[in-house]
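Presented below are the structures under discussion, each in the form of structure tokens.
There are two complexes below, and they share chain A, which is joined by chain B in the first and by chain C in the second.
Let's turn to the complex of A and B:
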């Protein structure tokens, strides 16, 4: 656990000081919402209907950027090799990287969700926030796994979306329906969040197990 | 006691043989210098010995432990310095070492001691990106020894080091077993008890029983 926290703290501290990713992602989110607003001619009536689709599209692309940078710099500067040469387990190192990436994406969501309300007039309630946060955990696990895999190749920028997007579909489907129901004012039973949490557990375990092989080769 | 025992250790990159099967033994406390031109296979050999890369063939034992199946135990006992510094540019010199100390199961005390050991106490609070190339190399050396490994595998550790920096290499080695790749024969003579010369992909000198093909 100490290793996981150390890796996550290191990544977040480096991002805080370098401010390489968060400002760019926040800017991307705002621009995407502005463009969506004009492209779909969103008004108070259509906002809640179009909002869920726009939300998940923006979140998926922001996630690709956030997770795509999780391992590539480590490999380029040789620090991943240095980490793996320690007795710390690859799974703990991976968990730390995924945790930092997930927190980074949650910071982006702190811009995205209020932005949805401002630019699209979409109602952002507790159900929406919970669905997005819970989905982020599983997406981070898978995204970081494929980021580690893609970082070993030259075509990493192309490979990550090809690998990650198909496996993110369950999160987008379940999360999308949850958000759609919540924005439409329908009562959302707790089950979709349970399904999202179950997906989180499944994919985080799979990613942690696979990370041992992916990182240590 | 034997610290390093390699039997038929070889490496290929695709269809290209980078290192022909190698047999090598190094006793505890011995230091082997690996000399040779660029592309002779020095780095390939060192990466195999440091368990950074998996060999295409052969066996490697470090301190009697199979290096392929007991990697974690073996890695806890070796320190490796590669070509890349591997620092986090936004972290200070001390934060870099503290981070790796945590991964090694060590504490802040060891991180500070390692920093002092390479003469970087005054630069403890400076970000790695702000350090000169030579200071970054010292920091990389500090990371390699902070967990007090018994075996050091150093790939051109003298890179960018000034006179005092090169002098500290001897102090860092202490009584440890070491394999050092360098282009500086004078440094190799000063630090090592044995030497292996690789030329055009071949080892010169029988005592080392080492065959290397040009990468």
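Let's turn to the complex of A and C:
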């Protein structure tokens, strides 16, 4: 647990001092919303209807970029091997990287959700925020697992979307449904959020188990 | 004629025999008409694909546990065969759904169809990992992870989409109170199922052999290069 915090703190501090990913991702998200605005010719009536789809599309692609970079700097500097040589377990190191990437994506969501309200006029309520945040946890677990896996191949940037997107479909299905209901004004009972949390638990455990094999070189 | 040739010929004959039963022996469905004859191959292919991917999981787990090269080769062979049968299932299903559901992907999206497409994507990804990872132990280890984790995802996708909107017919064979099929159809299905499973087994055996020969060639390549430049 201490290792997880230490690795996550290290990543977040590097991001805070360098300020590389967050500005770039925030810009990416806003650009994606502007493009969606023109591509779909959004007006006040179609905004809430198209909103959920646009939200999840942008979120998924922002996630691919954020998680794709999670293991790249370590690769480039060869520091992953150094971390793995310490007595810290690979699962704890992986959990730390995934935690930092999840927090980074949540910071991007803090730009995305207000952006949705500004550019698409989509109503952003507490339930939409909760659904997006809960889904981010499981997506980060799977995304970082495949990011670590793809980083060991020749086609890092190509392989991550191909591997991660099929496994994210449950989150998009359940999360998309929740957001759709919430934006449509219907009060969502707690059940979809419980399903999302259950998916989180399942995939975080699977990713942590698999991470031992992926990081073990 | 090697043993694989004999087995391959037998598999072709078995599938032709099944085709004969499907078109000549089985009665025509009263509601769906001739399109219903797709059912025999569609369902058998789906079951064969599931068994292939179960074999991928077993082979991958055995590889990670024991480091057995044979288990990895078996997983590879089963992936190719499973993908072929998944493709077959999807194509047959779409052809059947065209007249029966009035197929239109935007409105007739289905839980089982989605889960099958995801299954296809996951194992196509498995082959891509093989292609892009450094050959040898790295590729085997990484692909084994994809093979196992991907299998977990498929039931999850299926159930998450199921309580959305779904069209696929329910179980016909293990329906409550015995199979909901007349005996001629049931016999035709049993023969087709046996033929398809036999075909799948033979295809896995052939692919296993191909993979083995490719590995041997890769081992010999440096030596032949040396001979050629001598």
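By our rule, the second predicted complex is superposed on the first by the 217 of 217 C-alpha atoms of A that agree within 3 Å, B and C clash if a C-alpha of one lies under 4 Å from a C-alpha of the other, contacts with A are read in each partner's own complex, and residues count from 1 in each chain.
Convention: contacts are C-beta pairs under 8 Å (C-beta built on N, C-alpha and C of every residue); 3 or more make two chains touch, one makes a residue touch a chain.
Source: prediction; values computed, not measured.
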Quiz item: A:57 contacts which: chain B (first), chain C (second), both, neither?
Solution: neither
Exercise. Based on the superposed arrangement, let me know which partner A:159 touches: chain B (first), chain C (second), both, or neither?
Key: second
Quiz item: Looking at chain A, does chain C or chain B touch more of its residues?
Solution: C
Practice problem: Tell me which partner A:86 touches in the superposition: chain B (first), chain C (second), both or neither. | Solution: first
Exercise. Please indicate which partner A:213 is in contact with in the superposed arrangement: first for chain B, second for chain C, both, or neither.
Key: second
Quiz item: Residue overlap on chain A between the chain B contact set and the chain C contact set?
Solution: 216-217
Quiz item: Of all residues in chain B, which touch chain A in the complex?
Solution: 50-52, 54, 71-73, 75-76, 78, 80, 82-91, 95, 99-100, 102-105, 127, 143, 147
Self-check item: Residue ranges of chain C touching chain A (in the complex, touch as defined)
Solution: 64, 114, 118, 121-122, 124-125, 128-129, 132-134, 138, 141-142, 144-146, 148-150, 152-153, 156-157, 160-161, 164
Self-check item: Contacting residues of chain A [partner chain C, same complex]
Solution: 142, 145, 149, 152-155, 158-159, 162-163, 165-167, 169-170, 173-174, 177, 195, 199, 202, 206-207, 210, 213-214, 216-217
Quiz item: If you look only at chain A, which of its residues touch chain B in the complex?
Solution: 2-3, 6-7, 10, 13-14, 17-18, 77-79, 81-83, 85-89, 93, 216-217
